[in-house]
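Just below sit the structures, each encoded as structure tokens.
After this come two complexes, each holding chain A, first together with chain B and then together with chain C.
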Partner chain A sequence: MAAENQYETHEYDVVVIGAGGAGLRAAIEASAQGVKTALVCKSLLGKAHTVMAEGGIAAALGNVYPEDNWKVHFRDTMRGGKLLNNWRMAQIHAQEAPARVLELEEWGALFDRTKNGLILQRDFGGHRYARLAHVGDRTGLEMIRTLQNHAVHQGIDVYMECNVQRLLKDGERICGAFGYWRESGKFILFKCKAIVLATGGGGKAWKITSNSWEYTGDGITVALDAGADLIDVEMVQFHPTGMVWPPSVRGILVTEGVRGDGGTLKNSEGKRFMFNYIPEFFRAETAETEQEADAWYEDKKNRRTPDLLPRDEVARAINAEVKAGRGTPHGGVFLDIASRRPADYIKRRLPSMYHQFKELANVDITTEPMEVGPTCHYFMGGVRVDADTTATTVPGLFAAGEVAAGLHGANRLGGNSLSDLVVFGRRAGLYAAEYAKNFTGSLTVNMDEVEATAQQLVAPFDGKGGENPYAIHADLQDCMQTQVGIIRTEKELKQALDKLATFKQRLTQVSVEGNRQYNPGWHLALDLYSMLEVSEAVTLAAIERKESRGGHTRDDYPQTDPKFAKVNVVVRKRQGELRISQEPLPEMPEELRKLVEEQK
Partner chain B sequence: MQITFKVYRKDPEGNGKPGRSEYTVDLSDDATVMDGLLKIRDELDGTLAFRASCLRGYCGECTMRISGKSTFACTAKVSAFTKKGPEIALDPIRNIPVIKDLVFDWDAFLWNKIKAVKPWLEPREGPANEEHRLPDAVMKDLRQVMSCYYCGLCDEGCTVLPVDFDFLGPAALTKAYRVAFDPRDRDGKERLRIAEQPKGVWDCVHCFEASEHCPRGIAPTERIVALRDKAFQMGISHEKVARHHQSFAASVKESGWVDEGRLAVESEGLTNIKGLMKLLPTAAKALVRGKAPLPYVHSKRPGADRIKKIFEKGERERK
Partner chain C sequence: MATQEVKMRVWRGDAKGGAFREYRVPAGEGMVVLDVIHAIQATHASDLAVRWNCKAGKCGSCSAEINGKPRLMCMTRMDLFRPGETITVAPMKTFPIIRDLVTDVSFNFERAKRIPAFKPKAKEPDGTRRMVQEDIDRVQEFHKCIECFLCQNVCHVIRDHEENKKYFAGPRFFVRLAALEMHPLDTNDRLELTKEMAGLGFCNITKCCTEVCPEHIKITDNAIIPLKERVVDEFYDPLARLLRKIGGK
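After this line comes the complex of A and B, so read on.
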């Protein structure tokens, strides 16, 4: 009892961790189901990564092309994911996305509109039709404001700048979560029946990344530690177009909307090189000449430009061009919209990009080409979930958004993330609430375990080893960038594993100065635990998948291997060790398989 | 180049007294102020507290004062602040409770105020699962308003907040504008009543600093003016404010200038004995200090008749 009084303690039915699109949507749904719900987030409310999403939210509304429907969206998603997707998730996603977009509008979202006053949709890579509902190039900002306002309207309790470090279980079941307030450094204990993880990915372990400081894989790590399965974590998406210059902005995202709106990729010789990189898998539906590609922008009956192949293909192509010596002065390629569209069109369609390049790189994108290169962007892999309910393999634990895996398979299409957040965020909230309502037993938090965790968390203040957490982070980013990057080999992956072991060792020697109040050095020391665990999981899974597919490219196994088309690589933690296995993908029903195999 | 940052420090758990730390770091010519801060934190002092998230001018977390200019550290180039010498002062933005160093109390500063205007849409009843049909032009103005980063620079520039921290401020009132002018919203009148609450639109002094400070071109001051105009037009304005406006206009129309004594009395309302009693101490003070010489006479200005004609013309045109 004494220990319990030590910590600020709250009781809820459902605790949602993470307040990006998925977390907000989950909390809204759980609260609407009438269960007591808390929303806990690491940064300020409304600053989560969703705010940075630019291009749009994919949903087959059919407002621009009436031919579009869920079946086409399903097919595009599966093919973009190189068929490693969980078919049922892809089906639910394509079917429910339009309703979720209309719901956002009902809650206040302001979309760009067609001439008829309907929600406008734009072109993006891998989508057969113009499908992305958008607000200029700041769709994520609009979405998060809409959801946060709606959540506040519902009176959901929000704990912001509050960082969850451990999930607590009573036997096999979830019974709570333990973390700290960033502001005061004091601990906080949540007792609850169900938890929804909506914590995003772990891209901050790479050096060149579009991800913000929050993306340290916390959710994946707490799930692993709680015994949950991960799948597909070797599938890391490198977005083809990040800024490459100046150094301080390297990795910052340049929206795919630039290419959707007419921009093309060129090498230092001025050549549109993507025509040389059309893979067999997409040949039938991709334009072969510049003329044919340009005609597609006007009429979608033409085959689409290879500039808008799925992201994995474009990222590899850029990588190859730079390696072959046809890169730009700063090691990227050119992305040119200036010579292809009028200045006022560019400013209207891509206002944020215009300002971003003007302010950060002193480049006027209406008169000059941009320099771009691949940047670590998204985790297709993550916590394994049930397709319909988002339940993980741990009773009481649910997951939605980037932290969950399955929908995107080996590669995510642009625009499918924002729709993922609201489709599966809603489901997570719904089923977590249902689980909490149906659970009638009692749950007990083991206070000894909580006390032990608390001791571990403050250990960096007593550290005498003198290791600087920032130095470990910099070395980790170098290691993941060079050895677990876009192109991988077994030798380098194994070297990375060795290095990760030394980083873990160094982390035990970390020393943090100052006190617990808003201490960023301490916060990073704790985040490093997650980043190292996630990095290790990614590296082990990357060694296991001996083929190239989607976001995972092996120089020593350059082909796709039909054997690996049928399995997920699974990571789980047992007796403190990460274990790897291969497990069969769920079988797709015949009528859906036909849709996917359609060649056009 | 070697740059010295002089950074505001406040550590409530330390000695509690605000002070300044100096750090010198080597930065490239195109470095941003945030590059400098990250370098200090990573290499020199891990206890230095500041917020930084997107690092590209999107999220508004790293708002601070850089050698006196309030802006985002992540998009501010060091070179823009070192023309007079390689020194840069960093302070938290004004008008806010500081938690530690450059980290401020977000709830008190922005979030509680924004919540107070109920910034969520209350949609009209419509056919289920069908889109609203809305002209793009109508939505364009609202999209501009909602391009807000929640960075707080407008509130930071506000000249009312330093004297009255309870003023809702331009950031929140801009959100009130958005719901009041959204054609999909159910109840425009209720929206205006919210904007008119005490510490709302009528406490703005029109200094236009908010519009000057906004990095998104949202023009918060103009939005506040629009809310006031609409409230007035719809005749739902707060009684006292309405009386104040009517008295102001009437006295200028009749005499060519404002009769301040009459304005005070009429604003309270001639039958509002309680309100009038409250004026007495102020009136007494004014008398003592010679601001209201007795006997109190308010005379017409030369040219008052022409001003009256302008009023009448305006009134005719409005009809």
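After this line comes the complex of A and C, so read on.
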């Protein structure tokens, strides 16, 4: 029996895990509600994935097009998500996003301005009107720094480079979390009434990815292990435009803002191929000729360019062009803004793209086209939450941002992620604080469970099997890339499941060298547990959804199937096994259904 | 190029001490220093400690001294160096070592807490906030800062004088103070702090910080010198102070 004081221990009302946009906003809100709040993050403050977001934050402010309003934003979000979205989340998101953007301005953010001095908005895929508030192409940096600078004055305790590995429960309720300090390798125990997960997705299990090392699906995994439901995890977004050359930068994101600001996709024959890939679902609102497409940038009475179809459509089109032999020398397609906009405009609107291509690829995007191809970018699926409160199915556990599911359905529109973070981050902080205040019972951490977890976490140091964590990770990335990628088949998905089983076996044989102080090999060995669990959940759900919809394309079931339009694929862990089921989507009220079904 | 080898000397050790160790890994086209570090981790030293996140120059995590020069490892291409040259990678010198290439940069996060928050003035009568793009251009330049702390690392006021850290916030925070000072909506007065606690007077504008900024922020010319002028006006020129109070910032 372990003594309680064996581990560094802290007590809070609310512990927020993850310090990107959602986590920061949640912690700010919880603290504002007067509860004792901790913010725990794996990296230094301000380095979370939000910092890499480029194009902008979607909100129907109506500064550029007064016709825009929450209803249009709601409709665009639902249609972009192929109607698999949780309608209530999409409604709340569209209604509250403008207030959250203006709030960032109250906290010091400086968005680019219109001629009238208001917040300027930019065009993006799937949005009918120019809707994205932005700062050049570094909107995420502005957002995270604004939240960070605001948060440091709110009395929130911040635990940086601290990695949570398990959620602890007393009966059905959350009662704490257990993890380690990256710097020292020492364990840390949080006792708390409520936890907000804001840990992002799991794209690091794929080889070509825009995601950083942090994206290991650990939040999804700890939730699953704690008994929470996942939905829609088969829906993985491949962003159509990642860098493809040189190899060392493959997967790094190229903002959709390039197309929003006038850039166009071309194949090796110089053709704007997107006109050949307009799906029936979007035909009525998409331009059919180059003239009409180009005119749309100036006047929204014209129909939208197919270059800005939702991301799933564009990624599949690029994939098909390359497969048909019309790709670039390095296996992508061309993204050309050089021939379409003046150099000074490009440098002003897309400074970090200019910089990134110049420094990493020797390409001057003001004079030559970029080579781009799809890159694993975002999890639409994740932890199932209540639309209004962000409560998961585990009492005391809340989730917001990419780790939560529902808002984006089968495909997320660009710009809807940053707004998701602040809209639902705030709600998560609010309702977690309310839950903590209302809970008057007592909670007890089971120290035997903590002790057992601690022993599991240090096991890789005693491993004699000789498996290298980096080698397992590389093999996992190959497997997910080739067999659970953009285009899927049952046969390949089942092969992937077999491989995942062997990787799990290999993980039991993992050995790490060195000591516990800041040891990336050890950290990776631990992260592999969650990457493998999330990969398995994604693969199982992908087998279950026998149709093509949004981010999930099945070569053996190429059509959308009305049966699957009405269900979420749900993943749960019971008795140590992942279980799959189909459950009905929440029913949309009639007046909202009308909005969504409106053509053009 | 593709079949060649790269040689890298990487500092390994902790607060108690350490030494450079040489590693060889296969070269790849377009490789950056961080790719080489990752290859070393995967094949030679799984416990080689390094911070990184975005790998695209946007997060400012992977700061180090490469051949003695402060740089981001993710934005330093290997073809910058002569083929066959041994590249030396060391941790930032100004901050205490944790392990290998990872340093304790908590000084910066502590400093950040001491800067009084943004405090906006009242909204326009119509409830909006109107700002002209030209007025915010200069502040947006400061907001490009990715907090890589290379400017802090290279600043000789604290690089070679640990004792000055108590009195000196460093270039990163002069950029932050300038951003707040020139923000069209902000009403907080931080000049006293800038002069006293932040130690602006220590800076003798050698521009080392500007030279290493990966975001090309003109730290000295656009942030530090205007701040120095404002401090002079505020504390030594009553007329200028009066005029500025009347005319807004």
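In this section, the second predicted complex is superposed on the first by the 598 of 600 C-alpha atoms of A that agree within 3 Å, B and C clash if a C-alpha of one lies under 4 Å from a C-alpha of the other, contacts with A are read in each partner's own complex, and residues count from 1 in each chain.
Here, a contact is a pair of C-beta atoms (placed from the backbone, for glycine too) under 8 Å apart; a residue touches a chain by one contact, two chains touch by 3 or more.
Predicted model only: the values in this text are computed from it and were never measured.
Asker: Report for A:248: first if it touches chain B alone, second if chain C alone, otherwise both or neither.
Answerer: It touches chain B and chain C both.
Asker: Which partner does A:41 contact after superposing on A: first (chain B), second (chain C), both, neither?
Answerer: In the superposed model, A:41 contacts neither chain B nor chain C.
Asker: Could you tell me if A:112 is touching chain B, chain C, both of them or neither one (first, second, both, neither)?
Answerer: Once the two structures are laid over each other on A, A:112 reaches both partners.
Asker: I'd like to know which partner A:99 touches here: chain B for first, chain C for second, both or neither.
Answerer: first
Asker: Which partner does A:214 contact after superposing on A: first (chain B), second (chain C), both, neither?
Answerer: both
Asker: Residue overlap on chain A between the chain B contact set and the chain C contact set?
Answerer: Common to the two interfaces on chain A: residues 43-47, 51-52, 102, 105-108, 110, 112-113, 116-118, 135-136, 138, 141-142, 145, 149-150, 152-153, 160, 183, 212-214, 246-249, 252, 352, 355-356, 359-360, 468-471, 474, 512-515, 517-522, 524.
Asker: How about chain C: which of its residues touch chain A in the complex?
Answerer: Going by the criterion above, the answer is residues 14, 28-32, 35, 41-43, 45-61, 75, 77, 98-100, 102, 105, 109, 112-113, 117-118, 120, 128-133, 136, 139-140, 143-147, 180, 183, 185-186.
Asker: Which residues of chain A touch chain C in the complex?
Answerer: Per the touch definition, chain A meets chain C at residues 43-49, 51-52, 102, 105-108, 110, 112-113, 116-118, 135-136, 138, 140-142, 145, 149-150, 152-153, 158, 160, 183, 212-214, 245-249, 252-253, 352, 355-356, 359-361, 468-471, 474, 512-515, 517-522, 524.
Asker: Could you please specify the touching residues of chain B with respect to chain A in the complex?
Answerer: Listed in rising order, the residues of chain B that touch chain A are 11-14, 28, 30-32, 34-35, 41-43, 45-61, 75, 99-101, 103, 106, 111, 115, 118-121, 123, 129-136, 139, 142-143, 146-150, 179, 182, 184.
Asker: So in the complex, which bits of chain A are touching chain B?
Answerer: 43-47, 51-52, 63, 99, 102, 105-108, 110-120, 135-136, 138, 141-142, 145, 149-150, 152-153, 160, 183, 212-214, 246-249, 252, 352, 355-356, 359-360, 468-471, 474, 512-522, 524
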